[in-house]
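First up is the structure itself, then whatever we jot down about it.
Chain naming follows the written order as A, B, C and D, and within any one chain the residues start at number 1.
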Amino acid sequence: MSVAVLFFASLREQVGREQISLPADEVPDLPSLLARLDRELGDVASHLHRPSVRVALNQSLLDTDDAARRSLKDGDEVAFLPPITGG
Amino acid sequence: MSVAVLFFASLREQVGREQISLPADEVPDLPSLLARLDRELGDVASHLHRPSVRVALNQSLLDTDDAARRSLKDGDEVAFLPPITGG
Amino acid sequence: MYRAVRIQHEDFDLGAETEQLRAQLAGRIGALSVFVGLVREQFEDSAVNGLHLEHYPGMTEQSIGRILDQVEQRWLLDAAVIVHRVGTLHPGDQIVLVIAAAGHRKDSLEACTFMIDYLKTDAVFWKKELLADGARWVESFDTDYARVKAWQQKDA
Amino acid sequence: MYRAVRIQHEDFDLGAETEQLRAQLAGRIGALSVFVGLVREQFEDSAVNGLHLEHYPGMTEQSIGRILDQVEQRWLLDAAVIVHRVGTLHPGDQIVLVIAAAGHRKDSLEACTFMIDYLKTDAVFWKKELLADGARWVESFDTDYARVKAWQQKDA
């Protein structure tokens, strides 16, 4: 009964973690998940709030309005993505 | 002491020849060369006069004004080129 | 349209990839356009020791799939292939392979250019340049966004 | 800029050609664009049995050399290669190979497209299509001239 939180690339380095698992009933939505990460991670959580960081829920990008509203459930995967570039 | 005349692609097929060698002193310029080819080749020479046919002297394209003025000398190579396309 | 997307650590073989497509599509295609991106030894004034690439398995493939969806809608293609490497690469190494096979050259060339342009801005990868004077995470350039914007306006 | 022009009866090997350039330019180039033109089995409603290509030795090489001169003036390239076959070819066979290697993708992609566009209108070759219902000499299409004109206007 948990939500997986993933950090990629520069965020993984800044947060110092690749993945955190949180109890699903303690993070019912994204705002509560962010608040929980602020407590859990301390100062480095500020990197997650940078405007260039995008959030994906179950591998789909969320826009800011979406992110504020979305509820979370057991098995969900939340990923924090710094700016992407391929090729 | 001759001028080489080359025919390519569809012109070669229409003229029925790949190359003709003419005495340099009998074809002092391009108009006289064309007149000589008209006599030598008969009806099929008409293909050489088509507007789409371009003339190269020593592998350089001539424009129409150029072609009327150019004198010829021993060793020159005159080529009749139907429309080109590569690639 | 035949489509293939592969994310891999291993190098790819441009010759083998195109031979396979040619065998598969022989006689149907008149134009094959290929783009290969490679690691350069120099970034601005710094020597590059290497490049580290990472991806988000699943989401990265989806992001490339959406690029191919757009390509398929815009052009008449017989095949579109994207192979993208991850892991640590060195100067001279191949990073990405893009292939567009079509009946005609316009479709093939434009689709190939579109794919590499969109990979720069829309594909879920991260790149860390290992420079002689330290590492830095690469971001898309303004010129990359400008190129994608130009494609979007061409749409209309 | 390294440049190479070859007119040949034999087939070419895309993999070997690009490998050679990569070895030669390793670390300097970030972008390699390749175009291959192939014989299609169908022209409009007719089945194609083959394609006969001829050239004017010397003058053909010069005409391609002038295309490379223009490419060299317009873009920053490390290498430009054109290999063009002559003789009788069959559906599925390769006709022409164009390679443009550069530091950056814009130069490489545009130069590659420019070269194949100009080969269609300015390179001294003749092509005879051997169709099921007879042979016909191919000429450049209006669309070929339009593409070259677009490059000329981009110049200004």
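Some observations on this one:
One rule holds in what follows: a residue touches a chain if its C-beta (ideal position, glycine included) is under 8 Å from a C-beta of that chain, and two chains touch if they have at least 3 such contacts.
Every value quoted in this text rests on a predicted model; they were computed, and no experiment measured them.
Common neighbours of subunit A and subunit C under the contact definition above are absent. With each centre defined as the average position of its C-alpha atoms, the distance from subunit B to subunit D rounds to 28 Å. One simple way to say how far apart two chains are is to compare their mean CA positions; for subunit A and subunit D this gives 50 Å. Chain centres here are Cα averages; for subunit C and subunit D they lie 22 Å apart. Counting partners per residue, subunit A has 87 as the residues that reach two or more other chains.
Residue positions 37, 105, 116 of subunit C are each in touch with at least two other chains. Per the contact rule defined earlier, chains pair up in contact as A-C, B-D, C-D.
For subunit D in complex with subunit C, the touching residues are 13-16, 18-19, 22, 26-42, 91-92, 94, 103, 105-106, 108-109, 112-113, 116, 143, 147. Those residues of subunit C lying in contact with subunit A across their complex are 37, 54, 56, 58-59, 62-64, 84, 95-96, 116, 119-128, 137-140, 144. Residues 6, 8-10, 56, 59, 79, 81-87 of subunit B are the ones touching subunit D in the complex.
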